[in-house]
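Following this message is one structure expressed as structure tokens.
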């Protein structure tokens, strides 16, 4: 039985929309948690500090050692929720590509995970970033390819060519 | 010179995204105001009262006499902003179709207006409503056709077949 | 009959909370609009540009010529709404003190206005700014005194010493 | 060393504001997570279903078996985060009073916990609920006393008589 669905994609690629559609179409209740939840849980001061999260003028995001420490504990917590019986959709941005996946693999251990790549053409994602109006401009383009480098998936969806709901149905068909 | 752009479409058809893209691509600053702004400005009690806004279980939205009174003054105010020199993008839901347009026509008077229909297939809009997660389910399907009945446009865009940014560029090409 | 209530106070002084309480306690529906509404209606690009809104590292806010142009039209629009019969609560930050009030006086003309100063000790407002977590740190302290310089009020309330609801009731007693 | 701070109080008692102030004044980074985080992570359908969360017309909140199942896993996850080294501020509403505390005690096990009661007079909390404008009216009054029944605290703060920042400093003085 699938216990965790990891959705990995760049900013404005449509992960959160797919997560909400998955919650609507999958049988039984699933929790949806992700990078945004973690960032909101962190002290406001970490959102601009050297040890926390940095935003370059071109939208590049970097994270420091304090972010990594809290993130490591966060991963353990998500894994513990799944072990305790909650089915979890994780909405993630693998800034480190394969290395980020490795951190999740280690934390999730023996849990049954469905790894999903959420692709979106950089130009399309950049347009959606403007349309949503609540993100730092440049993140979408900066992350579109970066987050998929060396990452292995069970399946991939492309939100430039399919609606969130259609992507969710494709993913749901792979959930056991 | 175009002074007002009226975007009319159902809930979750993508009007607000187009409005933000228009603000990004049009030369000079434009204000973006709309039904959502008006509803937020109203007393919380009107969002569930007979005289205010009603939501049927199937997502149908009805508005009462107190809503209409404030809305009439709101229309006059938007028109006055445009007359005073602000260029305004209005993001609207013509629940009354042609009748709603007539109210706007009367308020906008001699101003140069570009009337834009924002179409989106009902099923697609309903999927996006689930994906965004902040709207009452059923509104998108209920309004998809309704709001366009008898309304005359200078141009129409279809967000089921084009991205918000592409729609914005199409509209911008008609702005004088 | 009072047609417009202008609430003027610094960031995190509690104006919006008082506005919502006023909407709840005043007989009849009132619209609540303000600086935040205007800023959200502006293009995202103006929130960091020289012509738009600037935020200094210490929280000081400055506005440029493009902001002033749109704001002038906004004032005319609010006045037109009131003339058209909507009663309006304006939630404002007079960055220019008496000069800002003069701009509003001119736009509101013959309308019956209740001018209300919303005071809050700078240190208290600064603490609330941290507690709310959605404002740039330093704005509260920077604006606490500044916005009241030379401004004439019909009454003043102090949110460091009274709850929003109590302030609203005090104000409501002065509404005709 | 204190590993978890549990803030328990009714809706609109000021817990989240205190949590943000604590993050600002405590040395080192703390995560702030709570009931609101959990509810947002749940499927939208659970926010109105029999198995999920129910809102009575008077603001009373009830939760069903599906909510309890996900919540139990959530508690395990928070505990795991703390065991993995993250220091966590939990912002909670003990709808079940002493029974809710017992669930947390069991999940947190050997962890060093500071139990904090966040009190606020029901009438004051009800006024703040109107002022914030984003909560179902009645929750504040319904929960003000209820959530503290039989709960044992290390210290209590009262937001009707002290600002969030002052409460945070009082709590911080008890953190080891």
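Chains here go by letter, A, B, C and D, matching the order in which they are written, and residues are numbered from 1 within each.
Just so it is clear, a residue touches a chain if its C-beta (ideal position, glycine included) is under 8 Å from a C-beta of that chain, and two chains touch if they have at least 3 such contacts.
Everything numeric here is computed off the predicted structure, so don't read it as measured data.
Undergrad: Return the chains common to the contact lists of chain A and chain C.
TA: The common neighbours are B, D.
Undergrad: Pick out whichever of the two, A-D or A-B, is joined by more C-beta pairs in contact.
TA: A-D
Undergrad: Report, in whole Å, the distance between the mean C-alpha point of chain A and the mean C-alpha point of chain B.
TA: Here the centre of chain B sits 32 Å away from the centre of chain A.
Undergrad: Could you tell me the distance, in whole angstrom, between the mean C-alpha positions of chain A and chain D?
TA: Roughly 27 Å, centre to centre.
Undergrad: Would you give the residues of chain B that are in contact with at least 2 other chains, written as numbers and ranges?
TA: Expected reply: 20, 24, 44, 130, 133.
Undergrad: Would you tell me which residues of chain B are touching chain C in their complex?
TA: 20, 23-24, 29-33, 37-38, 40-46, 51-52, 66, 69-70, 72-74, 76-86
Undergrad: Once bound in the complex, which stretches of chain D touch chain C?
TA: Residue positions touching the partner: 14, 16-18, 20-21, 24, 124, 127-128, 130-133, 163-166.
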